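Chain naming follows the written order as A, B, C and D, and within any one chain the residues start at number 1.
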Amino acid sequence: MDFEYSPKVVDLQSRLATFMQERVLPAEAIAAEQLASRPDRWDAPPIMADLKASAKRQGLWNLFLPESGGAGLTNLEYAPLAELTGWSPAIAPEALNCSAPDTGNMELLARYGTPDQKQQWLTPLLDGEIRSCFSMTEPDAAGSDANNVRLEIAADGDEWVLTGRKWWTTAALRDDCRVAMVMGVTDPDAPAGARHSIVLVPMDTAGLTVVRSTSVLGFDDRHEGGHGELVYDGVRVPKGNLLGPRGKGFAVAQARLGPGRIHHCMRLIGTAERAIALMTARARTRVAFGRPLAEEGVVQATVADARIAVDAARLTVLRAAWRMDAEGAKAARHDIAAAKVLVPSTVKKVVDDAIQIFGGAGLSQDTPLAMLYAHARFLQIADGPDQVHRRSLARAEFAAAPVLREVRG
Amino acid sequence: MDFEYSPKVVDLQSRLATFMQERVLPAEAIAAEQLASRPDRWDAPPIMADLKASAKRQGLWNLFLPESGGAGLTNLEYAPLAELTGWSPAIAPEALNCSAPDTGNMELLARYGTPDQKQQWLTPLLDGEIRSCFSMTEPDAAGSDANNVRLEIAADGDEWVLTGRKWWTTAALRDDCRVAMVMGVTDPDAPAGARHSIVLVPMDTAGLTVVRSTSVLGFDDRHEGGHGELVYDGVRVPKGNLLGPRGKGFAVAQARLGPGRIHHCMRLIGTAERAIALMTARARTRVAFGRPLAEEGVVQATVADARIAVDAARLTVLRAAWRMDAEGAKAARHDIAAAKVLVPSTVKKVVDDAIQIFGGAGLSQDTPLAMLYAHARFLQIADGPDQVHRRSLARAEFAAAPVLREVRG
Amino acid sequence: MDFEYSPKVVDLQSRLATFMQERVLPAEAIAAEQLASRPDRWDAPPIMADLKASAKRQGLWNLFLPESGGAGLTNLEYAPLAELTGWSPAIAPEALNCSAPDTGNMELLARYGTPDQKQQWLTPLLDGEIRSCFSMTEPDAAGSDANNVRLEIAADGDEWVLTGRKWWTTAALRDDCRVAMVMGVTDPDAPAGARHSIVLVPMDTAGLTVVRSTSVLGFDDRHEGGHGELVYDGVRVPKGNLLGPRGKGFAVAQARLGPGRIHHCMRLIGTAERAIALMTARARTRVAFGRPLAEEGVVQATVADARIAVDAARLTVLRAAWRMDAEGAKAARHDIAAAKVLVPSTVKKVVDDAIQIFGGAGLSQDTPLAMLYAHARFLQIADGPDQVHRRSLARAEFAAAPVLREVRG
Amino acid sequence: MDFEYSPKVVDLQSRLATFMQERVLPAEAIAAEQLASRPDRWDAPPIMADLKASAKRQGLWNLFLPESGGAGLTNLEYAPLAELTGWSPAIAPEALNCSAPDTGNMELLARYGTPDQKQQWLTPLLDGEIRSCFSMTEPDAAGSDANNVRLEIAADGDEWVLTGRKWWTTAALRDDCRVAMVMGVTDPDAPAGARHSIVLVPMDTAGLTVVRSTSVLGFDDRHEGGHGELVYDGVRVPKGNLLGPRGKGFAVAQARLGPGRIHHCMRLIGTAERAIALMTARARTRVAFGRPLAEEGVVQATVADARIAVDAARLTVLRAAWRMDAEGAKAARHDIAAAKVLVPSTVKKVVDDAIQIFGGAGLSQDTPLAMLYAHARFLQIADGPDQVHRRSLARAEFAAAPVLREVRG
């Protein structure tokens, strides 16, 4: 057992921290201004292209991907780097080509894609030339229960015909979003677990309409291309657009959801670190009743509890990443679930406490805190709400033999 | 001791509930659409004029004001009515001419205004023809410590000259906002407690600029005229614009802050009731894993805890209102402070729980929950952050003699 | 609506406060010493007889009982008096003949007892000459589900024959405990709700053995006669010992459980007040790092939150008491359930916070806090665990129509 | 970075688990009975001698001590073994000669003891032939502020003369407790930080009286020799009994407090594991409303949250142990403080939740839960209350430079 990052990771951390400090953080205000000046457009702010070029040049590109085409990092090595990007979740992940939902989509293509699919979609995704989305959640069904997914994918000759409605399809409104991975029912009469499949649908296919974007606590999340509500009205794609085995849609999706969840958690740790950095900076300088807030016992308790909670949450994430590397995502699923429950709620509280120390400024556009809060809150629901993960964790616990058997009672 | 509302209140509740059901709730979507269709304007949505006319006709107007010109209700009588308006805080209070900050401003004018001031500002405010704002918080000073207020109000011949910067001046961006009540320093050399005064500044006075609006968790609060940041750059008004005694600005402001805080709390109770109504409706109809959410133990516990907490919070508000009626706002200040700490945090939690039961829809524009959440969160900071009220409550407790004296230890 | 206690109540409060201050609080140390000096005995400490005589003389006797033989107080009138006894829950309730489980038992006898039963048991109970116990919970069945009660009460000629095991039969070990009210199955083949009955069993009946007492967080609760585990091994009593209608045991028991629960809650409010009195006294005098704890922000926040929470909890109790008076215990069952969930958890936290302010002394025998904590914790389980009350509250909420109907979503 | 225990640790874990399962857990009921049968005695239950002999034979002895005479384990290696002993904190630590306060005392003697002191006290302590106590906290001074310690240690010729009063001196009532390490003021006129020293006082020295034991939430903690209140009335010991440098008492004590705190935390993790083992066993078997508690959503959420919290707390402890090994106890002081705040509160909640799932049995002597609860609660106060550790953590955070510097606000 050892809690030290490897020299390779320390080197990458150092280079990425410099990039964050010199390029990403100063870009936040510029990007916000660029987005604000074009309220009707959903493309990336122009500065993003510069950031991406710079990251690529510096080898800070596709760090997430263990497979060929990526940086070849383990999950455990990637974790502290993803954390750094979480200081600026609206900009840094995309600048490094490590943003959701593309990362998960690239993992799916790398693992399940045919050579054609890889050439058409994976290559430009890895190059950062296009974006993609993952279209699974449906407005008329509880997202907590995946079996509810009911979009119809009917076979018709050489084609699949998709009919249904999805929402919370993040990035779907981006101009450069070119392909959706769509979960639906190909085999309605098969047993549960064998009914669903995933097909690739180019965003410009006839019959596919992005009808609107849903907001998150007042934010339109335009920086990430919003959260699209998509109508599939007889959308036709070739049979060859099936991604992975027919009827195995959920098994295929799991391969992206596990890593996707832990990536979110990695970044959220950095988000919490930023909140701590903000609250301590504020507390050191803001004076009320004749002394800095930093000397108030309540502020001290808040800061201490934040430090304790964030460090414990980070260790939970790192252990899950380590288990994924050692035993695979499936064996690590309970570690991932634990992180998925613990981290968003922890970070949400830390950011909320930072807001309270700031007062009105914390809620406003003058600090990143409001946006960070909305993001943490969103992740208590996205990728499986807390309650679903709690249930699976409890079942694992009931099934496990305790280390020692009780001899009393 | 008696927990029954009086017949007079029950009658008003019934009439107001009908108005809320038939006029206000259906207007929400219309108002949202009207605001969305004019993203550059800060005036009220056109439907507001109809609602105001209708409320006025039905005698549901100025219910907040005990003094002449108002409905003559006590605080205790007003509480359950304000609660009903809290179901739709973006629309109902203004429709009934009971919205902050106008209510507090009208109370100040009614109590401290000269006949001229009353004629010029109070009469049109009571008629709902204009709006007003209260300009106190400053960006460079901790709002928790009122002594930090430093905007300069210099005497110069027959005029006051205002120089400084304010923010969080709610409603300042509204087209129909005509007057600001501005707190500043008239007597910098006087002892603490005698330095500050309030002057009335027409919004179109030269030198007064509204430079921007601050947002709250992603919401621009356009429905209430935003939260203005105002630059006072040598703004000149006649000496006669002093409101209340010179050097007594804080004492005068307290006369509006106490009722203002408790009015916010009254409405928040209704906000929480709406969240409960939404979560129970959702839980009854939404099916996951083969049964309605309403049959899930975790959902049941959430609903039960919400009911318990909201009822206890309401009683806390009602008791404060009763004490204000019986002994005055000053004697009731600790009851008000208790409500101000308890109610926003309680309602914030209830709304957050409702969001979790809804999932993504709860965070989005498809339910009122996200906006209600932002509003409850805002009130943990506005009108004095929780920590300030806790301190004053603790001091009162340390100063009080317990009912019985400890004989041990 | 009115939050003022009536003059009658204020007078009783004043007299009872004097009794508490002059007689009860000074008796605590004496009673503890008397109990400690006789570790093998389970009778009341000798000083109890003096206290009872004194209370009786002063008319502070049987205050709990609205019926003839009691003080004729409503629940709402009794609440603030019961609260005062909660400052010293180990002594005051018994001194005033208002202690559980006797109060509930006396209510059952007053309402359901035959003239013979009343003469034999109710009269001496009202006179404070004997104690009684209520024997319902069984070790082999979840107490949360009353249908699990399975002690057999077989009809055999003119007699009932009881066979089974009970525990948590509070007061059963007291020397002066003379009668148990025993819930069991008389009609195993009847439909649910018609199987159980209550019979009166004198404690000296052959076949009835008190095998031990269970402790609560390390306390043996000897002051209240412990919590007996009772074996009923073919215990025979006359058929005339049936209390209330045959097969209606649960309905009969409800008549004692509702008031019993709210009485516990009333007293717990006083328990919390004592914790606040203790923590503020400590904080005013204890110095750390050069200043009294009372000047520490964390201590202030703790005290303020305690005050807010206890006042809200008290109002919840009072409203339940008012509803019981106005509409009966059944109509008030959700108000009672709300109090039963809210109050013990609130008081537990307040006492725990007081312990933390005291440090080691708070956990030890040097303050009443440890015992008060155990008592509050016990009441999260006794008389129905929190989870059962939450479920019934949630069901009521799902069944209720909200004040306003949602028009969106 | 690596989360795998070393083969050496895995082997020791396996052997210790067997010892716990076969010897310690079955001894709990026996020890409890032995203690109960001799209520006036404060010695170890007779079965302890057998357990100690057995542990010694199996090489499970003095595992805590890295120095010569101990097992030579690092803190990180010791952590999972101490955790196993925490399943039975009343028996296992003493059986393995790893119980507080002896472990810290042995560390002090090993590091600061003269050869004579080592021979007289360290050798028999390492052999488990005697016990010892550490006498620091005083009843008249806030334990949170060590500078308050005021027991006088006056030089008089060749002797020290001790005058003062201590309490919470754990183990002082044990018959086999032979020596106290006493913190007091040797140099009242020296600057703060140079006034206090530690002297060794044999328990049978004239003038030293153990006047009583303080209890913890109703438990007398007789198994560990209680918590003694000690009067030092002119107690004389030779000058040679000074332990460590004169005037450096706090620096010396820190050398025991750091490891002592983390040892408590290690064991508490095992305590929480036992609570989880108990609650899951109960939930699998207990039926209410027709199905096992394990199928109730609220119970599942409780179990899941316990698992998440305990794993995160364990990682926090392990990281602190790793840092102690890598950089020393002083460099690791903030990691230790974080564990000291996080672990007892986490374990307290987990045990409390287990109690609620058990109902009455959980509060009683029928499960270990009540005792485990009292122990976890005690550790929120012992060895420095939470608030002190929070303050030092916050100061460290304010002093630290964040990883990235904020460029906004």
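Couple of notes before you dig in:
Basically, contacts are C-beta pairs under 8 Å (C-beta built on N, C-alpha and C of every residue); 3 or more make two chains touch, one makes a residue touch a chain.
In UniProt terms, the chains line up like this: A, B, C, D = Acyl-CoA dehydrogenase.
Since the structure is predicted, the reported quantities are computational estimates derived from the model, not experimental observations.
Of all the chains, the one whose CA centre sits at the greatest distance from that of chain B (Acyl-CoA dehydrogenase) is D.
Between the interfaces A-B and B-C, more contacting C-beta pairs are found at B-C.
Averaging C-alpha coordinates per chain places the centre of chain B (Acyl-CoA dehydrogenase) 42 Å away from that of chain C (Acyl-CoA dehydrogenase). Our note on geometry: chain A (Acyl-CoA dehydrogenase) versus chain C (Acyl-CoA dehydrogenase), Cα centroid distance of 52 Å, whole angstroms. Averaged C-alpha coordinates give centres for chain A (Acyl-CoA dehydrogenase) and chain B (Acyl-CoA dehydrogenase) that are 37 Å from one another. The multi-chain contact residues of chain C (Acyl-CoA dehydrogenase), meaning those touching 2 or more other chains, are 296-299, 301, 361, 366, 387.
Contact residues of chain C (Acyl-CoA dehydrogenase) toward chain B (Acyl-CoA dehydrogenase) in the complex are 1-6, 17, 20-21, 25-26, 28-29, 76, 84, 87, 273-274, 276-278, 280-284, 294, 297, 299-301, 303-305, 307-309, 311-313, 315-316, 318-319, 322-323, 326, 338, 341-342, 361, 366-368, 387, 389-391, 393-395, 397-398, 402-409.
Residue ranges on chain A (Acyl-CoA dehydrogenase) touching chain C (Acyl-CoA dehydrogenase), taken from their complex, read 296-299, 301. Chain A (Acyl-CoA dehydrogenase) meets chain B (Acyl-CoA dehydrogenase) in the complex at residues 39, 137, 139, 142-145, 148, 167-168, 214-219, 227, 286-289, 293, 296, 298, 352, 355-356, 359-366, 370-371, 373-374, 377-378, 380-382, 385-387.
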